[in-house]
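So that you can tell them apart, the chains are marked A, B and C in the order they are listed, and the count of residues begins at 1 in each.
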Amino acid sequence: MAGAGLTVAQLVAAVAHRSGERLTANIVGSPARVIRGVAPLESADPGQLTFLANSRYRAAATVSGAGALVLSAVERARIFPTPPTDKKTLIECETPYAWFALAAQELTGPDAVHAGVAPSAVVEPGARIDPSAHVGPGATIETGAAVGPRARIGAATFIGRGTVIGADSKLYPGVHVLADCVLGERCIVHSGAVIGADGFGFAPLDGRWIKIPQSGRVVIGDDVEIGANTTIDRGAMGDTVIEDGCKLDNQIQVAHNCRIGAHTVIAGCVGIAGSATIGRGCQLGGAAMIAGHLSIADGCVIGGGTLVSRSISEAGFYGGSFPLMKHRDWERNAALLRHLDDLRNRIRALERQLPRKEPP
Amino acid sequence: MAGAGLTVAQLVAAVAHRSGERLTANIVGSPARVIRGVAPLESADPGQLTFLANSRYRAAATVSGAGALVLSAVERARIFPTPPTDKKTLIECETPYAWFALAAQELTGPDAVHAGVAPSAVVEPGARIDPSAHVGPGATIETGAAVGPRARIGAATFIGRGTVIGADSKLYPGVHVLADCVLGERCIVHSGAVIGADGFGFAPLDGRWIKIPQSGRVVIGDDVEIGANTTIDRGAMGDTVIEDGCKLDNQIQVAHNCRIGAHTVIAGCVGIAGSATIGRGCQLGGAAMIAGHLSIADGCVIGGGTLVSRSISEAGFYGGSFPLMKHRDWERNAALLRHLDDLRNRIRALERQLPRKEPP
Amino acid sequence: MAGAGLTVAQLVAAVAHRSGERLTANIVGSPARVIRGVAPLESADPGQLTFLANSRYRAAATVSGAGALVLSAVERARIFPTPPTDKKTLIECETPYAWFALAAQELTGPDAVHAGVAPSAVVEPGARIDPSAHVGPGATIETGAAVGPRARIGAATFIGRGTVIGADSKLYPGVHVLADCVLGERCIVHSGAVIGADGFGFAPLDGRWIKIPQSGRVVIGDDVEIGANTTIDRGAMGDTVIEDGCKLDNQIQVAHNCRIGAHTVIAGCVGIAGSATIGRGCQLGGAAMIAGHLSIADGCVIGGGTLVSRSISEAGFYGGSFPLMKHRDWERNAALLRHLDDLRNRIRALERQLPRKEPP
């Protein structure tokens, strides 16, 4: 479809369809303009669609060479109080970024599945591969595993015994899903991700560490995306659970027995220690670190680089990271920070000598 | 063994045996109760064993439906001053968590090795694979490498030329051990770990960087566990060394020429820069970062998220991470932190005007 | 060459040649001494070369058993005002570390390429492999991909459709370069690196997240090194770009649409969020985190563990990390930090009562 392109009118109809008629749009300008792809505001050409979702880029939107621009009615009225010349079609809608996302999916076209198992893949007896699924070269599917309809298993990807991969899920090359895990439908797992490695559990004895067998599973819902080189450990006894619609970026560590609520998004390099419970609809900024055995309420937003060391019981925006400074300023301030209690004591001493008056 | 289960009496004998008679236990209640597996306090059923190792979970232990509960004598006397009903057997011992770990190992049963080399594995001439070892599909064993008795090399795992894998070690699928490294006996290495990649060494010249060949090795002792996607670089000239009994979680980076002392445990996402020396029996919390060319004394505990920027010569508990705040509080406090020296100067100015009296 | 060794005179000539006659050296002592390898100051023997690049190691240099020592003229004059005994040859030059790097490369010898495709590799029709290139066992090269002269593709490495690997580049086993990416000449990519996974782009709609197709590429210049388990995401629409001569350590995350200027070095565990622009010749310390949509000027040095949350427009040394403390001191100081505004307010109250006099 992307080859021939779509008219703006066709695109509007397709997005409405993809969204279950949730996303409608108002076309200002020619609905017959043909769109073949998407591009950023700065580089889009007359055959391309772009979007304005942040007023910060209003100036770029005004001069963009894109053939079609999706934006809110408010921005449309502000930037183009009269419709622009014949060169550009405006697509007015409530949620331009979501509309653009679905339009881009439509223009990208379906990601075709080449059903069948590559000759160099190893499928053990007792593994069930749906005939419509694809298994790439060098992949290994162990006994008792099940790969659902239209699922794609990339080259050299490993599916352990008893593991279930849901319909329409796509595992890129070099993914490892160890034994007895469950992955839902329409999931995407990027290269290098490891799902179901042992959790980190050891009991101390006489200065040594005795391994606790990790007998739980990883259970992942539908529509979950897991980034490259992200690791999600199996539970020690119960399971590690990632609920529906979660999106995890690259290089994330999820330890054993964590539960991550539905539709939570987690940016790159985040670490979540064992038995932490993250609510639904949370947003964890890059490199945030979550200590173990705590819980974070639904709808929390955690700033990048924040260490969450205690439970959060109320939705809100939380932070905690050292501010950036010139290195010499940092040295001075860090030295003082080490002795903040001295400063406080000096203030106390002053206060004792100078009893506080009523505030003015 | 796990299928048929074990009586509590059999389990007590097995743990004593596994621990070299170090861990003995006192049975309170029926020694004939059959145990088939382990479970957490909350969900354990009459056929399962659970444990109490932290008084915080005393209430859950009191009402747990587990058939057998291992706990200390002190807790036993406190929770069950008289033996409980016939439904539960108590196992009293000194170190309940370690006892539980060995019991869980016993109930899990041995991890059988299927001796032999998969047809799709590539074993170069000059590699030595012990006949009792297992090499999985698509694995590559280069010339000069040696895989010891009962070792397991997972699917698509890579063992470089000259590398030695000790007896009874288990490498999960997708592990990479580059050339000329040494891995001891009974080690476990999880998927995606990379051992022996080049250290990061470059000499600056005229604004460019010249690579220093990394000719050292990685030498890993016995009973070491290495988590998923953890990386341990080879030394620049000397070796990178991980001593016996160390346990490394996922996503850890160990740079060239580090030495990590025996029985040290390192939680996920930790980074250790080049030529750092970590003592024996240390515990590094998640996402701690250790600067290069420093040393940390035996027995140090480092809090999660701490940046260790100088050597630590004395055992102890160290920390240093920004506390969690509501974001608007963080903004205000971070701004003040940037100018802590101003606050100090204002205190000084006040002190100059108000000479300090003798403390009361 | 490394087997037979080289005389100091041959080594000096070879380094001059490798550097385009940029690096010359003055030999003090016997030019006929034979050198077979390199070693650190402490352990080098009479057949080995070592270096002194940091005056901190002057004492070790003085007593080193190395057959040859490269150092600056200033250090030479200071340590050896008269030439040492016949046991050691001194090599005096301007940039000892860079000289040593090239000498070590010379002594290590060339990394021979065994041209040809392993029988178990899968090369799809339409992929072009230069006859002088090497493709290892179990590697997959998809249609439209091109592997240049003398390039080495490691075991189980994946090259996606349309991706170009430049001449003399070396990809270790288990590297993943997804579709339509470009890697320049003489690059080195270590095991577990993932280049070209989808960027992390989702539009919110009614509490769910809609995927933005990631249609850009990753474009990597010449002479770039990429560490083990490092991830570099493809652009959302435009490209993610790593310019010539960059060196990236292990476990780094580079998000979509970042641009990293030429000859910038990035230490392990760094995370760079989307659309960040890092200048040329920068140095990012380990575990530094760079927020998205900002830019860092050429020549900036960022301390380890620093969170860069705003653009930096001027070259310089920047930092920002919480200082290390004993844990009990940290607890006290962190509590105060949470209420730094209270301290400020108490200072203000004191100042109101005690109007500031002129400074003495």
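Simple rule for what comes next: a residue touches a chain if its C-beta (ideal position, glycine included) is under 8 Å from a C-beta of that chain, and two chains touch if they have at least 3 such contacts.
Worth saying up front: this structure is predicted, and the values here are computed from it rather than measured.
Asker: Over half shared numbers or under half: where do the identical copies chain A and chain C land at their interface, same or different?
Answerer: Both copies, chain A as well as chain C, present different residues to each other, with under half of the numbers appearing on both sides.
Asker: Chain A and chain B are the same sequence; what rotation (0 to 180°, nearest 5) superposes their CA atoms?
Answerer: To bring chain A onto chain B, one rotates by 120 degrees.
Asker: How many angstrom lie between the centres of chain A and chain C, each centre taken as the mean Cα position?
Answerer: Centres of chain A and chain C (C-alpha means) sit 27 Å apart.
Asker: Which chain B residues reach two or more other chains?
Answerer: 120, 138, 156, 174, 192, 229, 251, 269, 321-323, 325, 337, 340, 343, 347, 350, 354
Asker: Okay, in this complex, where on chain B does chain A touch?
Answerer: The touching residues are 19, 22-23, 37-40, 43, 53, 95, 97-98, 100-102, 104-105, 108, 118, 120, 136-138, 154-156, 172-174, 188, 190-192, 225, 227-229, 245, 247, 249-251, 263, 265, 267-269, 281, 286-287, 304-305, 321-328, 330-331, 334-335, 337-341, 343-344, 347, 350-351, 354, 356-357, 359-360.
Asker: In the complex, go through chain A and note every residue touching chain B.
Answerer: 120, 122, 138, 140, 156, 158, 174, 176, 178, 192, 194, 197-198, 200, 202-213, 215, 229, 231, 233, 237-238, 251, 253, 255, 269, 271, 273, 289, 291, 301, 303, 306-310, 312, 316-323, 325, 329, 332-333, 336-337, 340, 343, 346-347, 349-350, 352-354
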